[in-house]
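Structure first, commentary second.
Chain IDs A, B, C and D follow the sequence of writing; residue 1 opens each chain.
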Amino acid sequence: MLFDWRKRRLIRFSSKGVWLIVLCAIGAMADQPIAFPHNSHVKLGLDCLDCHIGADTRAAAGLPSVRKCMLCHAKLAKEKPEVQKVIAYANKGIEIPWVRVYDFPSEAHVKFRHAPHYQAGISCSTCHGDLTKETVAEHTVTHTMGSCLTCHRQKHASEDCAACHF
Amino acid sequence: MNQSNQTQHRWGMAIDSDRCTGCQACVAACHAENNLPLSDAESAARGRAVHWIRVDRYYEGEFPDIRVKYMPVLCQHCDEAPCEPVCPVYATYKNPEGLNVQVYNRCVGTRYCANNCPYSVRFFNWFDPVWPSPLDLQHNPDVSIRMAGVMEKCTFCIQRINRAEREAKEEKRPLADGEVQPACVQSCPAEAMVFGDLNDPESKVSRLAESGRSTRLLEELGTQPKVFYLQRAT
Amino acid sequence: MAIASKVMPYDEVRRDLWRPLSGASSRYIVVLVLLSAVALWGLVAWGYQLYRGIGVAGIRRPVFWGFYLVNFVFWIGISHAGTLISAILRLTDAGWRKPVTRAAEAITVFALMIGGMFPIIHLGRAWLFFWLFPYPNSRLLWPNFRSPLLWDVTAISTYLTGSIIYLFLPLIPDVAQLSTHAAGWRRLLYRTLSLGWTGSDREWHALERAMKLMAGIILAVAVSVHTVVAWDFSMSVAPMWHSSIFGPYFVVGAIFSGIAALLVVMSIIRKTMHLEKYLTPHHFNNLAKLLLLMSLLWLYFTVAENLTAWYGNEPKEMSVFGARVRGNFAPYFWIMVFCNFAVPFVLLGIRRLRSILTATIASVTVLIGMWLERFLIIIPTLSFGRLPAAWGHYAPTWVEISISVATFAVMGVLYLVFSKLFPIVSVWEFEPHSEAEE
Amino acid sequence: MDRRDFFKIVSTASAGVATSACGKKSDALIPLLVPDHEIVPGEEQWHPSVCSECGGGCGVIARVMEGQRTIERSGEKFRERIACVKKIEGNPLDPVSGGRLCARGHAALQSLYNPDRVREPMRRTAPRGKAGFTPEPWDSAVAAVAEKLARARSSDPAKILFLTRPQASTRTLTIQRFLESLGAPPALSCSVAGLAVERKAADLVFGWRGLPRYDLGQARYALGVGADFLGGWASPVYYARQFGQFRQGRPGIRGKLIQAESRMSLTAGSADEWLPLRPGSEPHLLIAIARLLLDEKLARNAQQLPAGVAESILAANLADLIRISGIEERRLRRVARELGESESPIVIAGASIVHTNSLQSLVAAHYLNLLLGNVGRSGGVLAPQQAAAIDPVNANVLEALKRAQILLLDSENPVYSLPSASGVMEVLGGLEMIVSFGVFVDDSVAYADTILPDHHTLEFGTAVVPPVAPGIAINVATPLVQPLYNTRPIGQTLGDIARKMNVPFEPIGARDLIEPQLAPGETWDDVARQGGLWRDGEATEPASKPLGEKLEWSDPVFAGAPEQFPLQFQPYPSLQFGDGRGANLPWMQELPDPASSSMWGLPVEIDPQTAARLNVNTGDWVRVESAQGSLEALAYVHPAALPGVASMGIGEGHAHYGRFASGRGANPLSILAPVWENSTNTLAFGATRVRITRLGRRPGELIQFSPRDREQGPWGYR
């Protein structure tokens, strides 16, 4: 991957190594509109699925709409500055413009679905890191085709290219 | 691969020339389903228009005893596909369900496969595709947008196959015959196209493939195509 | 045999052959700058192609391979000039080869470098060319060894390595001699390249053995390389490509164009470097005869290929054959026949007409003809595929033309630089004691 | 999605059960607009709608999924998740489309997401015809229109002309009601695919209101005359489905189709035999066949034929008829015999290309079917069963335009559809006010003073009565997605105008149309959820008694002296563009033309003999000149063109129609002589003579996907 560092600007010329770097960079730099503390929500007993409701049955885990945030925050912790930002969005009727942390670049042509991975018993932290320790989500786990394939081999999942790339 | 507990499908298609009217609904349906790059007059003039399925038309005879032959031609998903061995990076290969798959992210663009395809059904992305906004809102999220420098071709609507298989699996039932239909087959007003599992001897496509009118395109090359053309009855 | 060394003292030979190494005439500079400019323009064109996408070239469906692959085959063909010829001559102990071999071997190396670039230039995603090499990776993905393109990669890299060694080995005694006479960076360069050559008998022995061995190896590799290039085409099911004759046909064509290239280069360096004493009419005469022989051989293969296709009358082949011989491509076809057969046959076949000038003219036409031959092998087949509904025509754009032209300039630049750094005629072979060795 | 799946969804939904085998799809049941925030990435929903690309009125289902667009709100840019239509397929429940769809139907998506849609109301700033507009708020635009309309109404309401598409729908009903409340004459259409002649003939012969339905699927032997029913005529998807059934849908039975047409249309190409008919000689051929049937005693139902008609047939000079039709007598006799001997014969006549005598050919065809005894029978000609089928007709449009003071345009394009020589542009230039309700700026909208843009059909609900359908069918669309732009449905706009004018008016919604038809137990929700209301047809024997008493025929009239203009010129509605309105859809532009395989342009088709005489090759530029005007086009030497007949597809040659169509190619209608069909006064666009001169090679080439049109033969391409 190292040989490509100069090409970072040329995303269209990138090979796999490059986009990983670009992604890591984006992930690390991700300036979220609200400093959402995952750890404190998890501590309160919330499950990942409570907010990312699609993870078990759908392709996309999904982000909760601001309405969902307001179910609790209409009453709870209203005084905190970050929560006030949430309330501001809710009042304006605009969805919070979260910055995506994990994504597959379009060049990879991956059609990832959460559901089968969840159903296969892969825990969220395998791919997304230990969110009990993170505040704002960061790109902590690097995904390469190698890491995907290693797991697929271990779990005897399909290794057909067209299982993911089409 | 490791799916021994499932019945293995072998997808194939039958096209009834007696029913085909040459209306090209299949062509438009394919464009709508598969995010085919949009050509413009200039790129079309330079031979860059992309139609994963096309309707070949040949005039036969001379006026007034002339007739025309319409023939939808798409990737034949050959069992012995000439495009597969020549790819230096395995970007095109035969998947367990008999589909000839093009892996866009692996393709480096030697275009050897296209030269070696006797059916000329492979298309190349000469440039990154552009859609004047908001035409891009129409993009099918189940299908990749291919970038410059890679080959593409008919996939038998693998996204539909995958979706149907997934849903069948979730509902713990076998796939029914005719449940999976590529966009072209789905659209065909004259129902000239039939898609299904060739491993299932009872499927409609298997029965048509066995019928007396069944032929295959350029069969003499030994490519073992999985698209069966039913000849016109006269 | 009027070998220069027999008449001339070694010191004079050395003076003559080392003279071009020092100083640079204004003419040299102008030509170098001009050629570099053209080469640079080619680079610009390639950069544009990388930036915009390969679509800036004229290739299209169904002609997915165009000028780039024509140039690829052409330059790989040219590369047979040297190594193969010099290896044959070396193995057959043709004494007259001495002044010719280095010039020839240099052509090989440069032509291979250029030819080897074309498959990369032609890639849709050229920046991923390394995926064609087998390197370990976490995905456990390997290149497809069944693909003739991979054979190409293997064959060409082997040939390039072999050719560089083969060029380098006979250079060692020369650079060793040069290092004692040169100063500054040149001294460092020559010293490094001489690998501590002292000129001991053991070293001479080893060198001779190595060269003999390499000559044998390179001969086999050279033949296989062009055969593999031919297989890029003949392994496919396309009409008029799928032909068992292609391997030898390409090899013959390659040697043919290689000799022509060598003759052209020789007559240029003879004039510009004043090597009249070393590159004598005798050399040209010998090579011209070889060229004539190859011309006839080429004609034989061409007739064999086309006659069988025509007589077989297989419709799909006939579309290509027809287009080539009497259709759209007919002018090119008949120009090719004229260039590759008529001109050499008349100019070189009639003894009275055979001279350095006519040999050069014939060589130039052969180069043109052989380029056209590559063009006529690749394009018509793709234009007239198996399904007539998919027929289409091809015309190159400025990008392809620029890059194609630039490669000739690159050849010139490399040759100019090489001839400034190393004696273009092997000096030590004129040394009296090396005569004894032979 | 196949029929069963969709049924499942629909039935579980109407039963109110959302948990079943496909409970997962329960969110696909809501027939109403999808709220954008409820769109889940990667999940699809299917919603019924109606195709409005042609008059066929196919019921469709649309796949709605997530999409993202960038919007600007108070200066800030947002990326917004919205529900988008991703694909359109036929509605498997709809008896017209049966789950299938034609190429143009698929491309309807590109009119929804067309970059050249009118995004807000506009006012004209440039001279008429130059298409210069500036945005205008809804209120003032509507007020301005209402004011002028009120003034015109008070002086003479007959001077208000509304042109709308030739389709019976809530849209046209709303327009009709609006016009009624103003006291203005009914709306007209000017599309060349308006089928005015077909309607008139059915009315004249059988008293049928609407288009007859040809039950091709049950017939054994079909003779098509002048109707390109697989290539766009009347209801292409329905007839293509019927054709599939006709050919291979019945075990052991294969229908045989003979197509008599003056060009090798898609139908002629798919037929078992093509009879190359001289242009305009359809009546002659039909009467010759009727005569042969009578002569050979093959007319099984001759007694039902009105005496006057039988007399006319028997009085005809057979040799003359055959000579004029240009078909070998031997072939014609064979076809007549086969037709007469067939168990279930049918004659499908239409006027894909309208001639001055087209009505006569349709009338003759009806009598021929009567003679064959298949009227009102399965496998024969069936009466339309649509009570609600009142669609605007294409009749006397030019006269109406000349009379009018105020023109209201709804996706109709008179500037394109009428010949320049008719003076339509001058007429439009002189009108007091032109208002457009369409979603695009086309050649005629370029003349408009005000544009009050409508929603796209997929953005707003409507109900359409398909002109050809088994039984009763009303296809219903509910809005699928949020409107993309600041547009308003035409009903609402007309309502606003009426209110400003103080005229009582209520637009008609889909629900208004459906509810009176509902049987006990059915609800509007059910109908909206399944996408339409359909009833099986009853036997219609009583309606098949002929009313007409006479049969006459005349030779077609062609404008232009044969010495000066030796070629007959026939523009034809193209597969891709229909009457021209498909030209702004890039998918249709790049769809290879079925005859010439041309893309992004339509060539003029010339037969090989004429081409050789003119020294024209495929790809040459030629000038096509009539006495009224000329156009320049690329030539395609069509191996199956009739000698002396040049054809050209309609669709290109728009002066204004968005980026994909503007300034591309030539409009064959523009050079026509203003010749009208004798009975309906619809444009007889096949009735002009031209001469063709070669211009040679020029910049701009014929773009063909497959230049090669022969499987074998001489080498090389052009």
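Assume a residue touches a chain if its C-beta (ideal position, glycine included) is under 8 Å from a C-beta of that chain, and two chains touch if they have at least 3 such contacts.
This is a predicted model, so every value here is computed, not measured.
K.L.:
So which one's got more C-beta contacts, C-D or A-C?
P.N.:
When A-C is set beside C-D, the one with more contacts is C-D.
K.L.:
By Cα centroids, which chain is closest to the centre of the whole protein?
P.N.:
When every chain is reduced to its C-alpha mean, the one closest to the whole-protein mean is B.
K.L.:
In angstrom, rounded to a whole number, how far apart do the mean CA points of chain C and chain D lie?
P.N.:
64
K.L.:
Chain A to chain C: how many Å between their CA centres?
P.N.:
54
K.L.:
Can you check how far apart chain A and chain B are, centre to centre, with Cα atoms defining each centre and the answer in Å?
P.N.:
The mean C-alpha positions of chain A and chain B differ by 35 Å.
K.L.:
Taking the mean of the C-alpha atoms as each chain's centre, how many Å separate chain B from chain C?
P.N.:
42
K.L.:
Name the residues of chain A that each touch 2 or more other chains.
P.N.:
none
K.L.:
Touching at least two other chains at once: which residues of chain B meet that condition?
P.N.:
54, 56-58, 106, 128, 142, 148
K.L.:
Identify all positions of chain C at which a residue touches two or more other chains, and write them in rising order.
P.N.:
128, 388-390, 392 - these are the residues of chain C that touch more than one other chain.
K.L.:
Take each protein chain as a node, join two nodes whenever their chains touch, and name the resulting shape: line, ring, star, complete or other.
P.N.:
Basically all the chains touch each other, so complete.
K.L.:
Okay, in this complex, where on chain C does chain A touch?
P.N.:
Listed in rising order, the residues are 50, 127-128, 137-140.
K.L.:
Residue numbers of chain C touching chain D in their complex, please.
P.N.:
315, 318-319, 321-323, 326-328, 383-384, 388-393
K.L.:
Quick one: which bits of chain C touch chain B in the complex? Just the residue numbers, please.
P.N.:
On the chain C side, the touching residues are 52-55, 58-65, 119, 122-125, 128-129, 131-132, 141-144, 146-150, 153, 232, 235-238, 382, 385-390, 392.
K.L.:
Can you name the residues of chain B that touch chain A in the complex?
P.N.:
Within the complex, chain B contacts chain A at residues 1-3, 93, 95-96, 99, 101, 103-106, 128, 142-148, 155, 158-159, 162, 166.
K.L.:
Touching residues of chain A toward chain B in the complex: what are they?
P.N.:
By the definition above, chain A touches chain B via 12, 106-111, 116, 156-162, 165-166.
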